[in-house]
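Just dropping this structure here.
We just call them A, B and C in the order they show up, numbering each chain from 1.
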């Protein structure tokens, strides 16, 4: 693809030889004359001078004055790279058709543009949009609806009634719409609460491999448009996630919690049930969120690993904080006039958690 | 279903019109005249007055004097609701039969009440109880036993020799009885320890989607009756879990640990291997359990996420605890007669972790 | 198997009756005269005297002088036990052959020693080594390569282009080579970055049930020889893991991180992206690793669960550390000559995290 064409397609300004053609992408340090690279972090500026790349996507501010290669200038190099890579590596639309081993109801009306791979099983009253691609071994329960251009990778399971929007990607092994975890304690045993809600995914949602998202108990579980969910994430029943929120691997969100739009949850985050997190909240990896968050911003908890001996000492000190406070108070009492009232106030500040 | 009949069936006392009929359940704020709602938390009492529900399950204590709707009074509204919902939404027993694409040994004796869906694979010497329902794509290894009325959702894998009790529900993608994680270090490499034990699940166990429970190394891994396990939980080899214990999503239990009866483990809890937790222990979400617990009660660790700047300051302070203790000791030394013996005692209290 | 033969095969020194035969293994306390036991921890020495085991593997140092049973003496009893158990419980090589329900390209050349179970699906241009065993319901994408003697358990999914070495074991439900989690933010939405790298697994790798390892974005994700990975582990795109590293259950490793050889990561560990961990590092369970580690050794973070009331008090104290430091400084200021410069230095020590 000529750089001229590429620049146009991704909305970048070309500086250099528009007739030069590239056919693939590669990292800055490995890219050859027929490959496109990108620079999205000034940290790697030193690699730019030596790069053999046929062209580099970068921002005008990062462009060195003496750069003599071909440059595609844009405000958002990473997004421009995403667009260029999508163009240079088009997903081959697979040949449509339903494999002869697929099991489906004979009354099902499936668009001719749909592809269903071997051994998939499709239940009654399922509605599939145009160009849906269902991988091998997938199970689609009764009454599910899947929007156009959505791709479901092998061995995914959709429980009955699950709705998936258009242009979604569901990675292998994900389980959508299984029963939420609801039990009523009764005389030392647990009674199962029937899980009667659905799971509804918006458009342009991506769900990672082996991720599980439960159906609602009474209301539905709802995942907004453009939400991106990584692998091995667990989302409980009745959770609602706003549009364009991103959730990294192994994060868990307990039942009935609401998360706003444009949030970012790092990996292994744990969010308690029945709380509300507003729009634009960023939770750093492995944090624990036990209360609602009303203000956008970055939230964190936890501490980084350190050499074991140092950590042991720190934990030991931590367990002696009570003692420390008491000793400090004794010192203060010996030194000046602190009223009982003041001491009391200080004491009560300690109950906030 | 008439309220009279329902009250009888769930053991509630009816106050109102016994001839009124309901056909479904709904949340208090959305329920209409043909729907049943419940109130299990006084927090939602304000919704009760305005509810259009055909009847409400609640406790006598929570019943407002001026309530004029139909009420089903019971000590445990949540359990009564579970029973009512089970009655109003009966699981349709699926038509029995073995799909023609199922692969099984011709010597296998399968009760006629059993249902096996498409593309399931059942190994030699498997024993299935009455009315077992095996979903599509499930793999049941040689010599497994599955008790009556147990339901196995699509794409579950049972390794050879796994035993599942009666009335269990195994959700999609769960893997039961895979090899435990056992390796012997030997000259910089790891030798695999053959995993020769089984996995044995009791009756009335529910296992969440994509959860993994390993077989034992020498002894068996044993999950007691009535244990409820959420999605993406990992249970290591030789673990034993007592009856009616509940384990929330993404919790992990390392090998050879024993957990008592009637315990509750929150989500993302990590339990170390080779320890013992007694009956009636509650572990709050994301806690780390590294030592045995001999007394029932609630146990916790960790800290909640807070605004990033505040958290950074807290962590910095935490890393200076050593310094803090030393400075306090210096102050104390300058102020009064503290014997070396006393200082020593304080010091030694710090080694408990 | 005669003890004589066994001792030879596992490289142990026999003390006792070489003609005595054992046919299985069992724990020290349960083993009978025809069973082999082992002692790898002096903690269990008391069980040795009463054991009925036909023979015991242990180290010379642990052998009691008065022991009259048969002993197999070795420096590494656990490794010797692993070898003995492998000999006494040989994996039955399954009958080779391709089940008639398997879907594969007619041009595919598959060695006659290969076994493929029911309903597996094998894409174009896949290369399988000798004696590969592919379980039921497995999906092998186009262009994958699998080395000799590798076993793939049921319902595993290999995305196109994934390479698996020789003698690997991939447990049920694992997903290898799914797209990494890469999105470019663009005007409030996320654009998908095509994931163009591969996933490459070395020889003798074991991957646990429902574990997910992503393909690379541009470069490959690479798992070294002899790496052992437990269940429900998540490994992000472009990660590189050195040979003979062990990763316990539910651990997550974010994208582009490099982990050295001979490392041990405990369960539920979280490792941030784009960092480097050197060889021989041990990370204790549930730790969070946010920065690179340049020196081998044990690293930890977190704190153990304690009774809830105690934990609440500790957290409250922790949130008052700022206050504590200020009060201490006030006391110090009142007591002696501390320069502003000194105070400043102390303050700045607090920014290390």
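Structure notes:
Here is the rule we use: a residue touches a chain if its C-beta (ideal position, glycine included) is under 8 Å from a C-beta of that chain, and two chains touch if they have at least 3 such contacts.
In this text, all values refer to a predicted model and were calculated from it rather than measured experimentally.
When subunit A is laid over subunit B using CA atoms, the rotation angle comes to 120 degrees (nearest 5).
Counting the residue numbers that touch the partner chain, subunit A and subunit C have less than half of them in common. Subunit A and subunit C have Cα centroids lying 25 Å from one another. Of all residues in subunit B, those touching 2 or more other chains are 101, 119, 137, 155, 173, 210, 232, 250, 268, 302-303, 312, 315, 318-319, 324, 328, 331, 353, listed in ascending order. By the touch criterion given at the top, residues 101, 103, 119, 121, 137, 139, 155, 157, 159, 173, 175, 178-179, 181, 183-186, 188-194, 196, 210, 212, 214, 218-219, 232, 234, 236, 250, 252, 254, 268, 270, 272, 283-284, 287-291, 297-303, 312-320, 323-324, 327-328, 331, 334, 353 of subunit B touch subunit C in their complex. Residues of subunit A touching subunit C in their complex: 25-27, 76, 78-79, 81-83, 85-86, 89, 99, 101, 117-119, 135-137, 153-155, 169, 171-173, 204, 206, 208-210, 226, 228, 230-232, 244, 246, 248-250, 262, 267-268, 285-286, 302-308, 311-312, 315, 318-319, 321-322, 324-325, 328, 331-332, 335-336, 346, 349-353.
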